[in-house]
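There are two complexes below, and they share chain A, which is joined by chain B in the first and by chain C in the second.
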Partner chain A sequence: MKQEITFRWVIPAIVVLLAVIGIPFANDYLLYVATIIVLMSILAVSYDVLLGLTGYLSLAHGFLYGVGAYTTAYLTTNSGWGYWPALVASAVISGVMGTVIALVAFRTRGIYFAVLTLGIGLVGYQLFLVLEPITGGVGGFIGIPGLPSLPGFADAPQRNNLVIALLVLAVAYGASMLFLRSSIGAACLAVREDVVLAQSLGIRIGMARLCAFSFSAVFAGAAGSLFAAISNFVGPDDFSVMATGFQTVVYVVVGGMGTLWGPVLGAVLIVALPEILRGASTYAVFIYGLILLFFILFAPKGIAGFLLAAAKRMSRSGRVVISKEAEAR
Partner chain B sequence: MLELLPQQLVNGLALGSSYALIALGLTLVFGVLQIPNFPHGELYMLGASFTYVLVAYGMNFWVAVPIASLAVVIVGILLDQVGYRRIDTGGNLSLMISALAMSTVLQQVATLIWGAEPHTTLSPLPGVLRTAYFSIGYYQMLIFAATIACWLFVWVVLHRSRLGLAIRAMSQNKMAAQLMGIDLIWIRIATFAIGALIGGFAGSLLGASFPIYPTMGLNPVLKAFVILVIGGVGNLWGAIVGGFVLGILEILVSAYISSQLQDIGTFAVLVIVLIVRPNGLFGRAEVLR
Partner chain C sequence: MKMMKTLLTAATFLSASAVGSFAENLTLGELHPVTGPASFYGLVMSQTLKLRAEQTNEKGGLDVGGTKYTLSIATGDDQAQATKGVAALRKLMTDDVHFIFGPLASAVAPAVKPIIDKQTDLLQIIDGSIADGVVNGKNSFRVQASADTYNNAVLNYLTENKVKSVAVMTDRSHQGFVMSEKRMGESIEKAGVKVTGLEHFQIGDTDFSAQLTNLRASMPDALVLRGYPGEGALITKQAEALGFKGQIVWEMGAPPSTVMKNIPSAQMDGVTNCIPRMMADYVRLNVPNALKLQEEFKKKYGEDPGENASFSNDAFWILTTAMQKAGSIKAPDVAKALTEMKVTDVPNLIIQYQPYENGLLFKDGQANPPSACQVWKGESWQNPPGDKIEMTTKN
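Up next is the complex of A and B:
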């Protein structure tokens, strides 16, 4: 437990350190990969609030991510909004959509919850294809304006993108931490452990899991909004159930459910891996599936589980050394 | 518009029988073992691919079908032994994730072996039956018959054999079944084998009327989940009826409303059914909050 709390601060500290050291020197390619990693981390951290804290597996988040992306695409390209209002609008609309979905989906649980959200994700994906006047259909949106530059980054758009993404990640991470430590977060943990017991203790479980779902939807929308502005293009294929929606589950499971910092590591590993394996790109998805299978079978607590076990072992061996020294005296 | 209705209904039945055939194996495994066997779609794909390969080497189609189906049985048993048995007590979440992971792995293996581009086999039974109201291919009639035959096969195994008795006992109460001297490991393998056999058989037959490619199983398995929810999990008759209902519904929606709305209609049905009856249309009544 103590190690867990340390990791909560150590991992963000490492990210900030890497950013401060790396950003001035990295080339555009590295910056782009790092930006995608950060985007996926935003998704993963906020999704962990739902999956890790309440234990509900939603497959509708690829759709919510898409709602954010299309909202920003539409508002900035067709309606001439500035980026920041569009970001807020994307998060809000995605959050409202998420709340509506949650009100429906929480009538079920377990496997039915997963299948129902899968169905919603599929309907949503089809809607992106069919609602051509708004979404552009199969062709999608092109020519979406990029992110506005922060002071000092006007001549380096890639650096600018990464810094903005990192800022949003910081907000998402901080908000998730606050959520975890709030009374609603505690109620969510109770829902995960035992719904009936939680209910009989007078915890309003409906409210708790609804908040968790809406929370993750808001940040999925924000991540989608960033994605639209960074890639300047939005097409329906990124938002199918098996694309981003499923990948988010992978990040969280591989990283370690319920830890919030673990999913960041999961996103780093899973996004960076195909880039490292670029030479063997035909095997990339295959390896990615094997990794997921390996983690769920042999290490269901993910990377976070490994790190925590290692930290515990180190601190224990440290304590043993101290006690032996004491004996020697 | 309306004079085409008999033809549309026949088309719907033809599509529905392919859905029902796929849903049958899925509902068996789901009903008995409570495993959401997503790779069932990949078993279907492998059935089609194996048949394609055997036919390409000059084997007769009707000889290739049973060989391919039996090969898929081996893959199906392996899936269970590798991916599900270890984590059977780990809860729905790990089972689902493991299922999705194995699905991806099988798709990728197929892509590495056969490539991503679609292949087609010639229909082994060409020819069309024409009547005053509708026309239907002989091969589609064969698939319809095969669906009914598979349902009968599973029903007879489940209700008229000692193995079936053991399978039903296991699906009702694992502990009690074990105390009665039933070897759960073998029953498990048998259940998976039957499920995979039907999945492979479905792919083997349907590969002759649909293009064969590594992700061909994804959409049918999603439809099969919809059918499961409509028909009730583990309900064989429900899978058949649900398959036909879904097939006819899809054809009618695409014929009379818009072909773009075909899939939306399907998944909207899923969502509505789950909202009204959170445990499936014919699912057991259970108070959920």
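Up next is the complex of A and C:
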């Protein structure tokens, strides 16, 4: 537990440190890949609040991510909104949409919940295709205004994008930590461990689950909003169940559910891998499959579980050495 | 005499190595799906570009303004996905690539457009995507046909064959076809052909009975299928199983090998495909440059080039010729040469582009490849009897 709390702060600190060191020197390509990693980390951290804390597997988050992206695209392109109000509106609309989905979906549980949210994800994707006046249909939106420049970053739009994405990730991470420590977070954990027991203890499980779902939807919308402004283009393909919907689950499972920092590492690995393997792209899918198999079979607690176990082993061996030295004295 | 020969040999060797050592490197980028589900289109395009670059290098490199350049092709594998395409383009730009062939996928072309529009030192020649609004005529050009060229091929077929009514099924995920669907419907109606129904499907679908039952009820003379060959074959099979007796007209690039994965060849007999003329079409019509590429491609890769090889082949020659005409490898200079380029300026073209006014190859960045219809017979598409092509390029 002690190690987990340490990691919860150490990992974000490393991310910030790497960013501070790397941003001035990285080229546009690396900055873009890093920005996408950060966007996916926002999605992963907020999704961990739902999957990691309550144990409910939603496949509708690709759709909610899309709602955020399309909201920003529409408001900034067609309605003349500035980016920051559009970001807030995207997060709110996605949150409201998530709440509505949660109210329907939480009438089920287990595999039925997953299948129901899969259906919502599929319907949502079709809506992006058919609601052409709002979404641009299969052609999507072209020419979405970019992110506003932060002071000192006017001449470096890629750096500006990464810094803003990191700031939103910091907010998402901090808010997730607060959620985890709150009474609602504790209630969510109780729901995950034993719903019946939680109910018998008088915990309002319905409210806890609803809050977790809505919370994750808000940040999925915010991530989508950033994606729209950074890409200057949104099309439906990025928001299908098999694209972001499924990938979000993979980030959290590979990273380590319920840890918050694990999913960040999951997003780093899964997004960076195809780029690292760009020279051998034929094998990229094969290696991706192997990684999934490895984590499911040999490290079911993900990267986080792997690191925690390693840290535990190291601290134990450290203690053994100290005690042997003491005995020798 | 022997001494003279030795000296001559030595001089030849020295001059050859001098060219080799002074040749500068020029990297041309490509955005194609060389892995993933669309790789059956993209890999051939990539291989064609690499073949052409190698051949140019074997001949001593590309001569631009007196400087010899050794060409290399840097592949950006976009896997036909927007985000991967953007990352691939940014990687190419970071690697100091200023010329891009592609993309193929209509999902990628609009995603990379905002980046390309902003760059003054980047030039793109699209050899695959038919998406609307992705060509600006300043630093992006397209040798592939526009969606309207595809649609007009069908329209011509319908009017020439006096078809009275037609039902249309479109792949909802195909950007180029969906965006031009309304325009196409209006053109068909305007030509006096009744559109009895419009239905949609999606790539990956396998059951089309609901749409086909609905369309069959209106008894159209013809059924037009717009999308990809995998679904096209399944729809054709299911339409026949449901008792549709009218003419089936495809509107899609459809390599026979892909078609026959989903339908027995006998069931394809009589199906017509109306699209811009592609590689196999030019080979059947004995266009010399097409036969040449087919032979060279087969020699190097052991198989026939796919349908889009002709577009990538032409994109390569158009770009390198523009560089030579501009006498520069600076993107704005090359772009200017492209806007002034005539169809007859470029050697080795396979596609017989219809010239615009004053013989120009591009108008607002768009070239004008001709279209035609082929009929399935036996195990492949065949040109209808008497089909001829007007030769507009040097062959």
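Definition applied: the second predicted complex is superposed on the first by the 329 of 329 C-alpha atoms of A that agree within 3 Å, B and C clash if a C-alpha of one lies under 4 Å from a C-alpha of the other, contacts with A are read in each partner's own complex, and residues count from 1 in each chain.
Throughout what follows, contacts are C-beta pairs under 8 Å (C-beta built on N, C-alpha and C of every residue); 3 or more make two chains touch, one makes a residue touch a chain.
Everything quoted here is computed from the prediction, not taken from an experiment.
Asks: Put the two structures on top of each other at chain A: do chain B and chain C fit, or clash?
Replies: In the superposition, chain B runs into chain C.
Asks: Of the partners chain B and chain C, which touch A:312 in the superposed model: first, second, both, neither?
Replies: In the superposed model, A:312 contacts neither chain B nor chain C.
Asks: Let me test your reading of the model: by the given contact rule, A:127 touches which partner, first (chain B), second (chain C), both or neither?
Replies: Only chain B is touched by A:127; chain C is not.
Asks: For A:275 in the superposed arrangement: first (chain B), second (chain C), both or neither?
Replies: second
Asks: On the A-aligned overlay, A:285 touches which partner chain: chain B = first, chain C = second, or both, or neither?
Replies: Both partners, chain B and chain C.
Asks: In the overlaid three-chain picture, which partner chain does A:293 touch, first (chain B) or second (chain C), both, or neither?
Replies: The first partner, chain B, only.
Asks: Is the number of chain A residues in contact higher for chain B or for chain C?
Replies: Partner with more touched residues of chain A: B.
Asks: Per the contact definition in the header, classify A:8: touching chain B only (first), chain C only (second), both, or neither.
Replies: neither
Asks: Which partner does A:139 contact after superposing on A: first (chain B), second (chain C), both, neither?
Replies: So A:139 only meets chain C here.
Asks: Where does A:114 make contact in the superposed view: on chain B (first), on chain C (second), on both, or on neither?
Replies: Touch status of A:114: first partner only.
Asks: Which of the stretches 61-69, 133-141 or 259-267 of chain C runs into chain B once the two complexes are superposed on chain A?
Replies: The stretch that clashes with chain B is 259-267.
Asks: Per the definitions at the top, what is the overlap between the chain A residues touching chain B and those touching chain C?
Replies: The answer is residues 129-130, 282, 285 of chain A.
Asks: Spell out the part of chain A that touches chain C in their complex, as residue ranges.
Replies: 27-30, 32-33, 36, 129-130, 137-140, 142-143, 231-233, 235-238, 243, 274-275, 278, 281-282, 284-285
Asks: Which of the residues in chain C come into contact with chain A in the complex?
Replies: Touching chain A from chain C are residues 34-36, 77, 79, 81-84, 86-88, 90-91, 93-94, 107, 110-111, 113-115, 131-133, 172-175, 178-179.
Asks: Applying the document's contact rule, which stretches of chain B touch chain A when the two form their complex?
Replies: Listed in rising order, the residues of chain B that touch chain A are 34, 36, 83, 86-87, 90, 92-94, 96-98, 100-102, 104-105, 108-109, 111-112, 218, 222, 225-226, 228-229, 260-261, 263-264, 267-268, 270-271, 274-275, 278-280, 288-289.
Asks: With touch defined as at the start, can you tell me which chain A residues reach chain B in the complex?
Replies: 55, 57, 104, 107-112, 114-116, 118-120, 122-123, 126-127, 129-130, 195, 199, 205-206, 242, 246, 249, 253, 282-283, 285-286, 288-290, 292-293, 296-297, 300
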